[in-house]
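Both complexes below contain chain A, partnered by chain B and then by chain C.
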Partner chain A sequence: MISPEGTVSFWEYLGSRRERLVFETWQHASMVFQTVLVALVLGVLIGVAVYRSARLSAFATSAAGVFFTVPSLALLGLLITPLGLGVAPSVVALTLYSLLPIVRNTVVGLAGVDRTLVDAARGIGMTRAAILLRIELPLAWPVILTGARVSTQLAMGIGAIAAYVNGPGLGEQIFSGLARLGGANAINMTLAGTLGIVLLALLFDGCFVLIGRLTTPRGIRV
Partner chain B sequence: MSAPSPEIRAASRTDAAEPAAALHAPTGRSWRMLLEPVVILVVGAAWMLYVETSDLDSIEERSLKPRYVWQKTWEHIELTLVSTLIVLLIAVPLGIVLSRAWARPATPFVLAVANIGQSAPAIGVVVLLAVLLGIGFWTTIVALVAYGVLPALRNTMVGLQQVDPDLTDAGRGIGMSPARVLGRVELPLAAPVILAGIRTTLVLMVGTASIASFISGGGLGDMITTGVTTQRTPVLLTGCVLIGLLALLIDWLGGVATRLLAPKGL
Partner chain C sequence: MSEARSDPPPGGATAAGPPAADDSRGIELINVTKRYPGQRTPAVDDVTMTIPGGEIVVLLGPSGSGKTTMMRLINRLIEPTSGKIIVAGRDTLGLNPTELRRHIGYVIQNAGLFPHMTVATNVGLVPQMLKWDRDRIAARVDELLELVDMDPATFRGRYPRELSGGQQQRVGVARALAADPPAMLMDEPFGALDPITREHLQDSLLRLQEELGKTIVFVTHDIDEALKLGDRIAILDEGSRIAQYATPKEILLDPADAYVEQFVSGGQMMRLLQVSRVADVPLQSVPEAAPRDDAADVLARIRAGKTGFGIVLDERRRPVRWIHPEDLDGVTGPIGTRGMATATPIRARSTLQQALERLIQIEHDWVPVVGPRDVYQGTVTLGTLQNALREMKDRGRVRRRGTADA
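This part shows the complex of A and B:
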């Protein structure tokens, strides 16, 4: 490969753009964190609302599944029309994609709770809400958390494509590289964006392992 | 990145314990199976009819000519099928080799690499390869394959790993050669997981092929980028709608193939 004029080594590139890269990495991490958090709250609420009816559960998971099959670029494109370019379509798209694994795992997790435990709880006089909060959700929590973990990995990658609709984050590096294809630093930019996202994804995954350890009720820890 | 990751598919498959019976359920449900593609095709046709009959300016008209739309759709299908085929040709044999007893020590390592590789964003992989190899159809295919091969490999390995060792032992015990154990016991038992992996790959490839247009790989993504750069909403929306419908249609086809090809009695 011929190096066009002005090309610097990858490390030099990282050094010279440090501030910008740190900022974009932070943006990416915070976008993913916030969207997954919103999706976690919404997803658990949806899951709690539907899990008692087999029909509603099937409907919620298959609707989310259909939605999930739609490629992210198509969804981002569809969202440009009502929401314009920028942060709004990116955040909405990321939240929507993050919902599916969480809804599905909430439904599966809650359905997997041993019925005899729920009966026992009712037997000792716990209210419906107390059973949900103190028995069912804690027992389903590891499964729900796995859903959130999958969502996070997804959101990391889709977040990169969001830069196409002027969304925030490391995708900007990749698209800058694309715009300068064959020019100086195209490879450095793309590499910085891609590796940055891989590192963030691994970091978040590590955090999930930690959160899982800390928040799983002691009795069901493996 | 938009297609279901193997974990999700795998989860949905193992969680749904009851469909084992429904999987081969005969006639009663067959009309329902056809309902989905019919709905998809009707929606697609209705959308095209609506767009073609609405007021279009010259740019829109050019980008929405039925022949052009069909050409882009066909390119998209081509990208999807060619890349899926190559992914399978690489991933399935490699997965089989890596799950042999002598290669087992390498399994955790390969799975770890597959996991890390999967967290690379699709768009990053695509653009990186364009920087290295130039733009065009074959670069796109290389990028799609590079992106799709790890999940497919993972699925094949997981599928073969979960085969009950007692059954392979029994196969060997009744005097089957290792090749026959593989062909008659392991592969048929692993088939549902491997087939589910093929479906996942197909859907993953439809989604990733939509970003091929960034590196001149063709496909329906072209309509999205044209729509955005020329600020023509009908073109943008047509691209989005058709990609979405194509993904759903291919997912359905994958589902049908999974049902038809899965060995009976599982």
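This part shows the complex of A and C:
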């Protein structure tokens, strides 16, 4: 895997490993996108299920918070036993980490909807489901989206550690580099992995700004 | 009640007879009680009340009197503990609550418009839930915006935050009227508006009501608002005890107890002027004439009358001129355009206060009164108003003595 010619410049390294780097970048992006998407669906469902009870809300937020206190390396390691190596433990761990900001923001967003508006919606004869789908979720959406944005940044970074369990993505570059620190191209590998993740993070963040503008109704845009 | 306001709505079922149509649109509360768990006294305690169809009934009381609770029982935003509520002839407890609410307009303080929806979407919500087709909803939205004095082209695409408080509340009323419900509940709708806007919207509501004849339950803690808007007022004490349920005039002239008296005390006569309408007082009759009438006939009519002059009406019976015997000296044939132009008439549905202001401002002692389509109904002077007020006061006093004896 390491080129026998010894250390080359960073640009030469990028050129020589282009195909592999593009593939790993794509893997990383795809992994983060999918885990955040799953976390978004799960997180909003959990948020919707608990937001009307103060006790359940507190429980859901702190339960999601518990995962946060587990170091990512430890969580990944623990997941090897039930799930083995590779994609499965990486995706599960990332989804669990992504849940917290989304659940918390969904609960906060839904609880922050003006109660008089919900009263007005009931008063004109909207059903519970219609109130949730047409009034509460659209009004809470900007807050939920902010949660998803935080989750994405989180998943970007933690996703690199997935390489520890042979997970997909740019983490492989970083781990390989760190493993041969002092050896040929070690710095190049680590740098390529790190910069790739930073660039992806910026790209995703840009996408969130765009999604935010496109999906927030004009009447509540700030 | 003024004649103008108890008239059936235009296009109403005249064949079936207005009283029957009115009854079917009314609301009835029968022995309604609402008890919250953990509270010793019920919020609403065994209330029985009939709200006649096509009238504005105001629930008036301080906060904590249960007036809002009582209103919310009607569309089942709050479920009664016991009792029965009938809206437009149907027992509400036998209906699906969301279905029921779609057929009762609901207006709250600050309008409660949904900020992420345009004015058109907000107004069209109920028709949309009732599965109207898109064109019908669009047409209805425009019609309703016109009705509340907002230009559809300008406002239908706007968002609530782009409107003033008064405009938002107009849209709120339009939304409540969207599916043409027989009844409407209004919970302090104008409470958060500045006094000028509030006054303006109150006038608009009265004008609208004249046209639509809805059964309206209106909650407020403002006695002046209650007197101005209410065909009837229910003054509520704690536990929704109805201290008095009567017309504004009866409440002013004949308060049922000390509690009601404390509510209306101060400026009773001035308030009486505000709640009484010109149509309620006996008008002066003046000999009438038409431009084509013969001068000699008219002169004879004037001489027969007590006023010493007559009034000339045009072919649609609108007042145009006063005519005095001097104007007819030596005239033969039709009277034509002789005489002196009358002052701008007072409308029969104006309050006595408005009439009084007019009489003080203008030079004439006599002012004609007109009803719908400017048709002449009679004439008022300062003396007419004075007599009417004195009579009302006397009647109130007699009644109070009567109730005190009993």
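The definition used in the following text is that the second predicted complex is superposed on the first by the 217 of 222 C-alpha atoms of A that agree within 3 Å, B and C clash if a C-alpha of one lies under 4 Å from a C-alpha of the other, contacts with A are read in each partner's own complex, and residues count from 1 in each chain.
By definition in this document, a residue touches a chain if its C-beta (ideal position, glycine included) is under 8 Å from a C-beta of that chain, and two chains touch if they have at least 3 such contacts.
Everything quoted here is computed from the prediction, not taken from an experiment.
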| item | value |
| --- | --- |
| Touching partner for A:138 - first (chain B), second (chain C), both, neither | second |
| Partner chain in contact with A:97 - chain B first, chain C second, else both or neither | first |
| Touching partner for A:212 - first (chain B), second (chain C), both, neither | neither |
| Touched partner set for A:125, first chain B, second chain C, both or neither | second |
| Chain B and chain C footprints on chain A, overlapping residues | none |
| Residue ranges of chain A in contact with chain C within the complex | 116-117, 119-127, 130, 135, 138-139, 217-220 |
| Chain A contact footprint on chain B (complex, rising order) | 1-5, 7-8, 11-12, 15, 116, 118-125, 127-128, 130-132, 135, 203, 206-208, 210-211, 214-215, 221, 224, 227-228, 233, 236-237, 239-241, 243-244, 247-248, 251 |
| Chain B contact footprint on chain A (complex, rising order) | 1, 61, 65-66, 68-75, 77-78, 80-81, 97, 100-101, 104-105, 108, 146, 150, 153-154, 156-161, 164, 171, 174-175, 177-178, 181-182, 186-187, 190-191, 193-194, 197-198, 201-202, 205 |
| Touching residues on chain C, where the partner in the complex is chain A | 75, 77, 98-103, 106, 108-110, 112-118, 125-126, 129, 159-161, 175-176, 185 |
